[in-house]
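Lettered A, B, C and D in written order, each chain numbered from 1.
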Amino acid sequence: MTERDIEFKVFRYKQGGAAPAHQTFTVRCDENTTVLVALQDIRRDQDGTLILRHSCHHASCGTCGMRINGREELACVVKVFELGTPTVVVEPMRNMPVISDLVVDMEPFYDRFNAAGMPFIRESEYLEEAEVAEGLETYMRCENCIECNLCVSACPIMGTDPTYIGPAALAATWRVVEEPRGLDSRPLLDWVDSQNGCWRCHVAYECNEACPSGVLPGDKIMSLRRELTKRKFRRLFGR
Amino acid sequence: MDNIQPTTDPVRPKAPLRSWFDVRGRSLSTLAFALNRLTAIGLTIYLFLHLAVLSLLLRGPEGWDQFVALAKNPAFLLLDVVLLFGVVYHMANGIRVALVGMGVAHTRQKSLFYVLVGIALVAFVVGAVLIFVE
Amino acid sequence: MQSSMSRRSLEEMATRRDRSGSLWLVQAFSGLLLVLILGAHMIAHHFIVEGGLRDYQQVLDYVANPFVFIIEIVFVITATAHALLGARAIVLDLRPSAATMRVVNWVLVAVGAVAIGYGLWLAVALQRAAGA
Amino acid sequence: MAPFHAVIIGGGGTGAAVAHDLTLRGMKVTLVERGELTSGTTGRHHGLLHSGARYAVKDKESAVECIDENTILRRIAPGSFELNDGLFVALTDEEAAYSHELVEACHECGIPARRLTREEALAREPNLNPAVKLAVQVPDATMDAMRMPLRFFATAKHNGATIKPYHEVVDFVRRGNAVSAIRVRDHTSNKEYEIGGDIFINAGGAWSGRIGAMVGVDVPIRPSPGVMLAVYGRLCNMVVNRLHASGDGDIIVPQRALSVIGTSSWVVEDPDNLGLPEDHIQMMVKYGSELVPAVRTAKFRAAWSAARPLIGPRGADTGRELSRTFKCFDHIDEGVEGFVTITGGKATTLRGMAETTANVVCQKLGFPVPCPTRDYVLLPHTAYYA
């Protein structure tokens, strides 16, 4: 196993303190070292005041979203050597208020989910492709969206206009429209049929690129628009 | 660091349009969009110039034919090439955005981009050659 | 979590609806129409004509064709609408206040009306000139 | 006005459940965590909601505890679990013979368990090793290792608890033989201040030994890491266990579109320095592919270590021994008043651990309120941020 010293330029900011700045740390890394592990090593060995969000360490909780060399990534699955750069720049996500260092305030993210008054975020979805074990009606699994906010950070429109509903909430809306489970999804379609809803998307597909979980929020936004287009034409022809 | 807001209150980013042209780590579709917007601005300006120029027709043959002579000098032809690029690109990407934006073939938007912009580039090269040959 | 919505939120959600979707569809369909008309326009005016531009008499002869006349009028309307809707989208990305946006909407409507009116007037005048 | 102020140190699953429990019992609760919530061990476990079958043969008490808590959690945290059940898979004749013992032990503990033939098992999980002899189906489930505890935090917060992530304890303030306050450093602003309270609860998990040392008490905890491997692809829908006594690499937990293979075990001194032994990752691939051969060719997603809080022998073991899986120590036996440690245990039993701890706390403070958490349905995790 080869080891190498890698430089990390980390965004630092403390409330009430100096203006934000990048601080450089040198960390001994090997092939298995992820950016998350390197940051934890910095925290342990060099600067105990560095804070960041992390939990599951395998791209399933979505807490360690940040920008690594400018790209939206989950730090837990980015291996330092695979980046191929001698210096790794680590910054918090875009378009979110920064609490401190790499920690952003997730409230605006969840505000969007609560704004609709409907259970957008589903903890589980039906899985029907497998023969179900006795005693169960159907298999359920957690939804693929891990609420990491990376798509919101990557979205150019979020950078333009903070009142945009955003890719994550729009993708979640589509999940309800696609599979309403007894809910009336028409009000949700009304909600996204607006300037700040799915029509605001400029088809840049940054969200699809950023999503670590294969949700493809961009595709979901387009699905919503197809549904709304059909609805508009139906209304236009009086049906 | 411009797009990071070191505050506990959600505030608006400082420069609304700058984020569009921050291309670090951005996808092809963002570049496609940025180019679409640039060509859109160019074409809008051109559209109104074009309408204004057409008023020369009302001044009779002298005014118009003078303009036609001007438009045939090489510097003007170069502008025509730029315009042609703007038109074919905006058309090709526009078809993609219109289809994808209505949820038609949206899961194949990348291939759509390559095919349409590919066709557009071929049309552009042919058109550009024609402009200079004639 | 409650799976039923409160009356208030239902009403709130309906009020969020606006015309932006319909405007976008107009933008999309006008764009698709423009691909056809503008394509034809460019080929007719600049590629099949010797020298790339019609001279005065050629233009008049061309416009005298009633079919061409109608197509050119449709072209002016579609292109103006498409351009101004596009301009509106760009202004939206500059984060205007609601009041600014109202003004912008009216300005755009006015500009559009003037441009289309001018285009129609020009076409009619040219056809008259051709007929004369 | 709440009669007592409880200060909890540690924002993992245990701290979350203790905060929820004490808040519901009517106490004022403040919880401090040095990093993000669930950033220690809680978020990193493989996400298994134990049915208890794993312990049924050798440790009936733990098994009963698991099935009880499993049932309660499904009731109070609906939606946080994948309803997928678990399979214990026998690959050898020896393991097949052991299945009788397992099913019987499960039934004794009240764990529903039924034997499946080779064909039945393969029909449900086609990716299983075709050499499977038979399987036993039990009510295991997959949990969202971060969001399930987050629901405890969300509920506690909405009921009035103060949750302070990024607050690290730097010192304890003593008055006589009692802990009277903690000194914390707020890492979001680099400011230090004191938080006073009536009772201080050490819920530091693998870090609880370190917190105990700051007070000068002995918490016999050894951080015991295990390596886990996540691969792309949902290779099975049920939790797949190896039907043998607990060992390395004996479980595959499907999580969303990933499969998580666990786990190994060793002991370290520093819970912040676990390392990630390459040979353990290879071991996960080897043993995992014995259960589901597709593991060998599946694309790598992540490998990581998580530190279990392993309870070791204590210098003066006079603390309350309330369970063999987790322990709640009242440090009064070492001459320290107002300081309680809860440690050990597992994610499945977090609510039970909290109930035990809260009982100890209430008894100490002379505040007899019964445990209200068994039927209290938790708020969704999103409520934590709203």
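What we mean here is this: a contact is a pair of C-beta atoms (placed from the backbone, for glycine too) under 8 Å apart; a residue touches a chain by one contact, two chains touch by 3 or more.
Every value quoted in this text rests on a predicted model; they were computed, and no experiment measured them.
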item: Per Cα centroids, the chain farthest from chain C; value: D
item: Chain ID, smallest distance between chain and overall C-alpha centroids; value: A
item: Higher-contact pair (C-beta pairs counted), A-C versus A-D; value: A-D
item: Distance between the centres, which are taken as Cα means, of chain D and chain B, whole angstrom; value: 57
item: Whole-Å gap separating chain A and chain C, where each centre is the average of the chain's CA atoms; value: 37
item: Cα-centroid distance, chain C relative to chain D, in whole angstrom; value: 62
item: Inter-centroid spacing, chain D versus chain A (mean Cα positions, whole Å); value: 26
item: Set of chain B residues in contact with two or more other chains; value: 12, 16-17, 20, 97, 101-102
item: Where chain D touches two or more other chains at once, by residue number; value: 380
item: Shared interface positions of chain A, touching two or more other chains; value: 15, 99, 107, 119, 160-161, 225, 229
item: Interfacial residue positions of chain C with respect to chain B in the complex; value: 24-25, 28-29, 31-32, 34-35, 38-39, 42, 47, 50-57, 59, 76, 79-80, 83, 86-87, 90, 93-95, 115, 118-119, 122, 125-126, 129
item: Chain B residues within the chain A interface of the complex; value: 1, 3-13, 16-20, 22, 24-27, 29-30, 32-33, 97, 100-104, 106-107, 109
item: Touching residues (chain side chain D, partner chain A) in the complex; value: 35-39, 42-44, 47, 79-85, 112, 114, 123-125, 137, 139, 142, 144-147, 166, 168, 185, 187-191, 228, 230, 234, 237-238, 254-258, 260, 272-273, 276, 278, 281, 301-304, 306, 380-382, 385-386
item: For the chain A and chain C complex, residues of the former touching the latter; value: 116-119, 157, 160-161, 182-183, 187-188, 190-191, 193-200, 225, 228-229, 232
item: Chain A - residues contacting chain D, complex; value: 1, 14-17, 32, 34, 37, 40, 44, 48-49, 51-61, 63, 76-77, 99-101, 103, 106-107, 109-111, 113-114, 119, 121-124, 127, 130-136, 138-144, 146, 213-214
